[in-house]
Amino acid sequence: MLPIGRTRWAIPEGYIPSGSVSQDRALLSHETACILNAGDRAANIKLTVFFANRDPVTYRITVPARRTLHLRFNDLKDPEPIPLDTDYASVFESDVPIVVQHTRLDSRRAEIALLSTVAYGQD
Amino acid sequence: MLPIGRTRWAIPEGYIPSGSVSQDRALLSHETACILNAGDRAANIKLTVFFANRDPVTYRITVPARRTLHLRFNDLKDPEPIPLDTDYASVFESDVPIVVQHTRLDSRRAEIALLSTVAYGQD
Amino acid sequence: MLPIGRTRWAIPEGYIPSGSVSQDRALLSHETACILNAGDRAANIKLTVFFANRDPVTYRITVPARRTLHLRFNDLKDPEPIPLDTDYASVFESDVPIVVQHTRLDSRRAEIALLSTVAYGQD
Amino acid sequence: MLPIGRTRWAIPEGYIPSGSVSQDRALLSHETACILNAGDRAANIKLTVFFANRDPVTYRITVPARRTLHLRFNDLKDPEPIPLDTDYASVFESDVPIVVQHTRLDSRRAEIALLSTVAYGQD
């Protein structure tokens, strides 16, 4: 397959609700960056998380060739977890083309709510 | 109408929940790729589905000229169904310009939740 | 303001559920194309609606200069209403740049569900 | 980080429901423009809000360098608040590249519904 995607992606929206009616992992409130690496080389990605009132924090992620990674922001631990109930935004910078889509599952109430959008891509 | 669209589209998010409160087809949990072929020639499409931990699988789809196909990933059977409760991603490669939009209806709970986004398009 | 937008937009997803718990217009199940004409000239728009199994149908819409129109597909009557519970897709062709966003409010169940995406734009 | 984004963004959809089951700020019905300024200079932004039947209104917003602002349209007061239960649209014009994502949380019913999309960007 020809390379598909961009090397840089931005997601201005970010917010992990602290509350969840369910403790089942599938239904726990979460924010996800779905990353597709359709190419033949692993993607080494620098993720920068921006906040309203403090300096950004950076993370490192790898997505193998011809694989997808549905990364939960809730799972980021190194260098620090993303605080709950806090506005943030994120930028992904990859050494090969990738495609990024943003999804939130919100289970603060008895029923779930979903949102999703393809991120903003640019080389 | 002048051709509109792109020949390649990517949807990084994919997840078919196994549970549904309703068994009515309209309200059954499903993931859909809505494909528009606004042009005058049939679109022959190769769909590649990517996973987190195994090699991609390919499918073939045709959308007639001046028609739309709302393809449920749940309905794919050949060469194999997409596993439930599993993260996946998809790429569509067409021989004519098309437009692709991704939608999920989630009825794991009593109420439904929806998400949708135009996919990432590139020639 | 400098012109912003594109002259052609596509929305592959379209589906108006026949059921609504509420008959309040604000909460009635509906599909909307939100059209922004930020420019100084009225936008004359040809809307083509595509189906899975029959020929497309065309409509005419006007959006005044520096105005927005949140068009409900449910309200289209001339030359014919869009059938309910039926898959469709749409293309907007304007004589000046516009921006189009697609939204569905679904009230088939007691609670509402929402989806939205900026449409696919191209000149 | 290299500059990422565009200087102009449009969101055709806008509607702030007057009703909310909850008065908790986090769960109050709201429309948000999530703005990311990943660059090294503050973003001075002119926001123009368009309506169906009257002239546009303009607002001024600043987003510091390397920060995100999740702007609730509900919070705009100067020169005037945005009326509730009214269709509107918005355009952001910035002096440096930014990225804009639109999100609505709707709590008119007991459960919440969410929608989100990256806005339409153009220089």
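Note that the chains take the letters A, B, C and D in the order they are written out, and that residue 1 is the start of every chain.
We adopt the following convention: contacts are C-beta pairs under 8 Å (C-beta built on N, C-alpha and C of every residue); 3 or more make two chains touch, one makes a residue touch a chain.
From a predicted model like this one, the values you see are computed outputs, not experimental measurements.
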item	value
Superposing rotation of chain B relative to chain C, computed on C-alpha atoms, to nearest 5°	90
Same-residue or different-residue interface between chain A and chain D, half as cut-off	different
Where chain A and chain D are represented by their mean Cα positions, the distance between them in whole Å	21
Centre-to-centre distance between chain D and chain B (centres being mean Cα positions), rounded to whole Å	30
Junction residues of chain D, two or more chains touched	110-111, 113-118
Chain B residues within the chain A interface of the complex	8, 10-15, 17, 48, 50-53, 55-56, 85, 87-89, 91, 93, 102, 104, 106, 108-111, 113-120, 122
Contact footprint of chain C on chain B as seen in their complex	1-2, 4-5, 26-27, 32, 34-36, 38, 66-70, 99-101, 103, 110-118, 121
